[in-house]
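Both complexes below contain chain A, partnered by chain B and then by chain C.
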Partner chain A sequence: MLEVKNLRKEYGALTAVEGISFSLQPGDIFGFIGSNGAGKTTTIRMISTLLEPTSGTAELFGADIIKNPMEVRRMIGYMPDFFGLYDDVKVWEYLDFFACIYQVPSRQRMEVIDNVLELTDLTVKKDSFVQSLSRGMQQRLCLARCLVHDPKLLLLDEPASGLDPRARAELKELIAELGRMGKIVIVSSHILPELADFCNTVGIIEKGELLACGPVKQIVADLQSTRVFEAQLLSDTDRAAAFISAMPHVQLAQPTGEGAVRIDYTGSPEDQAVLIAELVKSGFPLIGFREEHADLEDVFLKLTTGAVN
Partner chain B sequence: MEKLAHLWRTLVMENPMNIETTRFRRKFLSFSTSRGANATVLILVCLAYGMLSLSIISSKGNVSPDIVVYLQTALFTILAPALLHGSIAGERERRSWDFLLVAPITHAQIVVGKFLGACAIMLVVVLAGLIPAAIAGLTHDPAYSNLGIFAFVEMEGISITYAMCVFAVTLFFSARVKRPMAALGTVYGLLVVTLLGLPAVLSVGIGSSKVEADTLMFLNPFIAESKLAEPSNISGLPAYLFGLPHVLLYLGLSIVVLAWTSKTLVFAENDVKFLPKGHRGASGN
Partner chain C sequence: MTTTVSEWLGENFRTYFSNATSTRDFRVQMRGSKSVVFFTLYLGLLITLAYITYSNSNSGSKSIIEAQQSLKQFYDLLLGALGFIVSVVPPVMAASSVIAEKQRHSFDLVFSAPVTAKYYLVGKLISSFRYTWMLLVLALPVTAACVVLGGASWADVLGSYFLLSVIGVLISSIALGATIVSTKASQAVVLAIGVSIGYNILCGVAAAAAVFIPHGLSGATGTGTNEMSAIALLSPFLVGHSAMTYTEWYGMHVPNLLIVTGLAALISRLMLVCAGAQIMPYSKKLAANVRIHCLLYAVGIAAYVAAVGVNSIRTSSTLPGSGIAVGSDWNKVGIVTASFIFALSLLSPISCVSLLGENRLRPNGSFQFRRAFDGTPAGHLPFFLLLTVCVFLGVAGSAMRWGGLHSPDSNYWSLMVYACCLWVFGWGLSRWTSSFSRTLQQAQGLSFAAVLCLVALPLPIITMMAEPGATTHPSPWDLYILRPLGLYEENVGALPLAYGLVLCLFGLFVAGVGNRRLARAAETMKEARSRAA
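What follows is the complex of A and B.
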């Protein structure tokens, strides 16, 4: 497992990351959300041993990033936000180079290369020169490079930036597959719908401070003190809003102006059933009743102010 | 002694970065490389090599083997900086540098791996040069040149260790500057200044006796090689100062510069250092 303990990074008077702590289990896909300059990349670079923390540490399966960086490096695959590839080699030669650096035994190297190429859907490009690949393919090749030594933790910094929708969808599916393979995956992004689709845990960071961390559903639920419903009626929305306001557990009921009433509700599902029954019994022409779920974007906007370091 | 053996094992024998040798071979010694410039240079070198061999064969004994060593040293002077100027600055510019730094290898292993990759290319050049040198040695007229085998080996030693020294210096500047072309320019400039410019300037101030001239030009491999090829030229510094002392000097310099280079690779410092003023401290986000 990965345990990040009070990780902090200062550059002179500037505090880029302010004592971040969280822990992840194998199979977790952690979405690291924050505006540009929030501290995502600095945190990822500290975990990847590229930057030395000012204080705090992180442990990956018992190996400390400060005391035992070599051991940690054997277990991580790191994909930076901006990267370049050696453009004068073929795809398999590129992977062979890194497999050798990660000390994959020479007898297994070609098999490993074939496997990661298959996983990243690049088998047909095995003998192509790296520079001939499209941006999406280069992104996948970089991910393949991260996988040649079978890492336990993948640190992917903005992996989908600059990709077209199809390449983005393919990358999402690939990351989800890596999670299913039992790897811990940390994905940073500021494109929220992208993360909400496949991350089971998220952390929201602003000005170097972790504002919320946990399963997506839990974070959303924690932030919502009330449930929000929308009752759709054929007519009489003003009268219905007044009627609903008088019902128990209703904090606020307002017509939306589109033949619906928006209800802020604190009651249980049983109370909710009673509310619907009373509306119908009172003769209101109810044609729909649905709960509005907050999404990651709502949570992010509610928690953050948009400030950067 | 144990520490030296450990260094030898981790930096040379079991260094994962030795794969650089393969990458250099594919990059510089392959006609099917994706870079037209590399293939063109390779073709030109092969043509020059073929012409050299043919001219030695057709010279009917008029060419001494030392010519091959001079040419080889000149080739190293031109090509050694070109081989390695982008090895670190280029990685940084291309943003592939992080991939090496997060790998389970030390900075010293990275530096030595790149150095050995270039040395492998140098070895190919030296081995290729032995063929025309052998032809010249077997066919040359003793009346024209009387180069002994020991002097030839010493000349080769000077040429090889000089190339190693240039490799090390190029790596150092590649690690210290931001752009590969800046590293290339700096190394060529340094070579011109050290081998020609500085001795010329100093000779004006110090004087121009034979001893002083030899001392000022001591680092110049061509001068050292010429002293070995033509012992009659030695009239300044004593003969025993040319040959092995140069080999040891160049080797020592290479080791010191390589060690210094690996000390400059502390990434976080480099990362901040190369950012423009006013942006320091904001790296990485």
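What follows is the complex of A and C.
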């Protein structure tokens, strides 16, 4: 498991990351959300042992990033937000280089390369030059590079930036597959819908502070003190709003102007059933009743102010 | 224990014989037909030159002696050309290859893997030198022709090739250490060529000096035909003359090839550790390694220079030089050593600090002895004071052991204190100039300019004010900060101490002012940030 403990990074008078803590289990896909300059990349670079923390630490399956960085490096695959690909090398040579520096035994190297190429759907490009690949393919090659040594933790910094919708969908599927394989995956992004689909845990960061962290549903629920319903009526919305306001557990009921009433409700599902029954019994022409769910974007906008370091 | 040894062996095998960095670079270098065409042209040129030389030396009008001389000249010319190749090609290739990685942003990919600085940099050295070695090997048949035809012996040829290889690695590693801070490939190439030229000039001067000064720790002057100072062998342009020479060491003939290989290994190691400390994440250990190397090398160089230099000082002294310690001897040794420390103190701008941007050199504290080896500004002053003491101790030990001097006197120790105070002064000035500057480079530039102004600017003014030839006190020269270094013929006693004390107090005062200004600036910046937030 990965345990991040009070990780902090200062650059002179500037605090880039301020005491971040969270923990992840194998199979977790963690979405790291924040504006540009919020501290996502700094945190990821600290976990990947590329940047020394000012204080705090992180442990990956018992190996400390400060005391034992080499051991940690053997267990991680880091994909930065730029490709850093070598010119004039073929796809297999590129992977062979990384397999060699990750000390994959030479007898197994070609088999491993074939496997990761198959996983990332690049087998047909094995003998192509790296610079001849499309952006999406280069991104997949970078991911293949991260996988040659079968890491336990994958750190993907803005993996989908600059990709077309199809390449993005393929990448999402690939990351989800890696999660199913039991790897811990940390994905940073500021494109929220992309993360909400496949991350089971998210962390929202702003100005180096982790504002919220946990399963997506839990974060949304924690942020919403009331449930929001919308009652759709054929007519009489004003009268219905007044009627609903007088009901128990209703904090606010307002007509929306589109033949609906918006209700802020604190009651249980049983109370909710009573409310619907009373509305129908009182003769209001009710044609729909649905709960409005807040999404990750709502949570993000509610939590953050847009300030950056 | 067995595991540790096998791990160490495995790591070294991977580094030197199965290095992924060198394999990848070599694949790229050999890709396509460019290399084949280049090597063919190169070989063709060498063969043509050899044929023309052989035809000339074999012409009917020449005697056998003239023909031999002509072949010997061709051999020397060929080795000179190989010396040029070794001076230019590997340093440029190594430097540009590392900077290309920096520009490509591929450092993060490599260093997020379990790769050590040694593995990576040795790989870069091997890949750049393997290419050069191919050029040397291609020239071997032509050089071998000189053996067959009578210009040189096999031992000369093989010794020269070995020496060229060692020097190539040495120049490459120096270029790598010096160019690692570059941001552009063109900048790195220019810097690498500059370093190579500087190295060759320095070696040329050292080789020339080696002819005139005694060498070896026995102080011999070189009577044997093949006896030569090992320093001369560091020049790639002299390998043809010096490959099979030796240094006499207590009656033993030590082959200079061995000494040069040892020296090259030590210097290359230092330069690679320096380069590693610049590019590696978590580089505190490497920074400490660099500093420990510097201390050890400083002691070694100081001891060697003292061993060969004290005799010169003593023979030129007007005082009795019978081996009995006299004040003037230690005074002169001290002045020469303090002058060396002063030359080093021009580096004091590296103690500058910056408030902006990422600064690897944190913390900025004033004097923390425990930071002496981690490369932070807080440890600069203690490290340089330690370096000064080490150099003085190295010189003293060597002068006593091999120079025949007795224990150092008060002149020597007071000059050591003065040298330490020079550092405090330089450091204080750096702190003060840092408080006026927004960036680190600006602070360093300002600090260097300030040191130069204080040293160079007063010279013409004092020269005009002082009476020519006057040696009495007081004199306008008494106001000059390097005054104790000019008291060559005097028994200086406590005078350097007084100068040192004044310099030290002044340095501490300006450092205090600078530190207060820096603290205020940091506070203001923090407040501005919180207001903006």
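Here, the second predicted complex is superposed on the first by the 309 of 309 C-alpha atoms of A that agree within 3 Å, B and C clash if a C-alpha of one lies under 4 Å from a C-alpha of the other, contacts with A are read in each partner's own complex, and residues count from 1 in each chain.
In this section, contacts are C-beta pairs under 8 Å (C-beta built on N, C-alpha and C of every residue); 3 or more make two chains touch, one makes a residue touch a chain.
What you see is a predicted model, and the numbers here were worked out from it, not measured in a lab.
Engineer: After the alignment on chain A, I want to confirm one thing: do chain B and chain C clash, or do they fit together?
Structural biologist: clash
Engineer: Please indicate which partner A:Q131 is in contact with in the superposed arrangement: first for chain B, second for chain C, both, or neither.
Structural biologist: Only chain B is touched by A:Q131; chain C is not.
Engineer: I'd like to know which partner A:F61 touches here: chain B for first, chain C for second, both or neither.
Structural biologist: Neither partner.
Engineer: Give one of first, second, both or neither to describe whether A:A38 is in contact with chain B, with chain C, with both, or with none.
Structural biologist: It touches chain B, and chain C stays clear.
Engineer: Taking the superposition as given, does A:K207 touch the first partner, chain B, the second, chain C, both, or neither?
Structural biologist: In the superposition, A:K207 touches chain C alone.
Engineer: After superposing on chain A, which stretch of chain C overlaps chain B: 92-100, 326-334, 416-424 or 470-478?
Structural biologist: That would be 92-100, the one stretch with clashes.
Engineer: Which parts of chain A are in contact with chain B and also with chain C?
Structural biologist: Shared contact residues on chain A: 11-12, 14, 45, 48-52, 70, 73-74, 76, 78, 80, 82, 84-89, 93, 96-98, 100-103, 145.
Engineer: Within their complex, state which residues of chain A touch chain B.
Structural biologist: 11-12, 14, 16, 36-42, 45, 48-52, 70-71, 73-74, 76, 78, 80, 82-89, 93, 96-98, 100-103, 129, 131-132, 145, 309
Engineer: If you look only at chain A, which of its residues touch chain C in the complex?
Structural biologist: 10-14, 45, 48-52, 66, 69-70, 73-74, 76, 78, 80, 82, 84-89, 93, 96-98, 100-103, 145, 207, 307
Engineer: Please name which positions on chain B make contact with chain A in the complex.
Structural biologist: On the chain B side, the touching residues are 16-17, 19, 22-23, 26-27, 33-35, 38, 94-96, 98-105, 267-268, 271-272, 280-285.
Engineer: Contact residues on chain C for chain A in the complex?
Structural biologist: These residues of chain C touch chain A: 14, 18, 20-21, 23-24, 27-28, 31, 104-115, 119, 281-282, 284, 354-359, 362, 522, 525-526, 529, 533.
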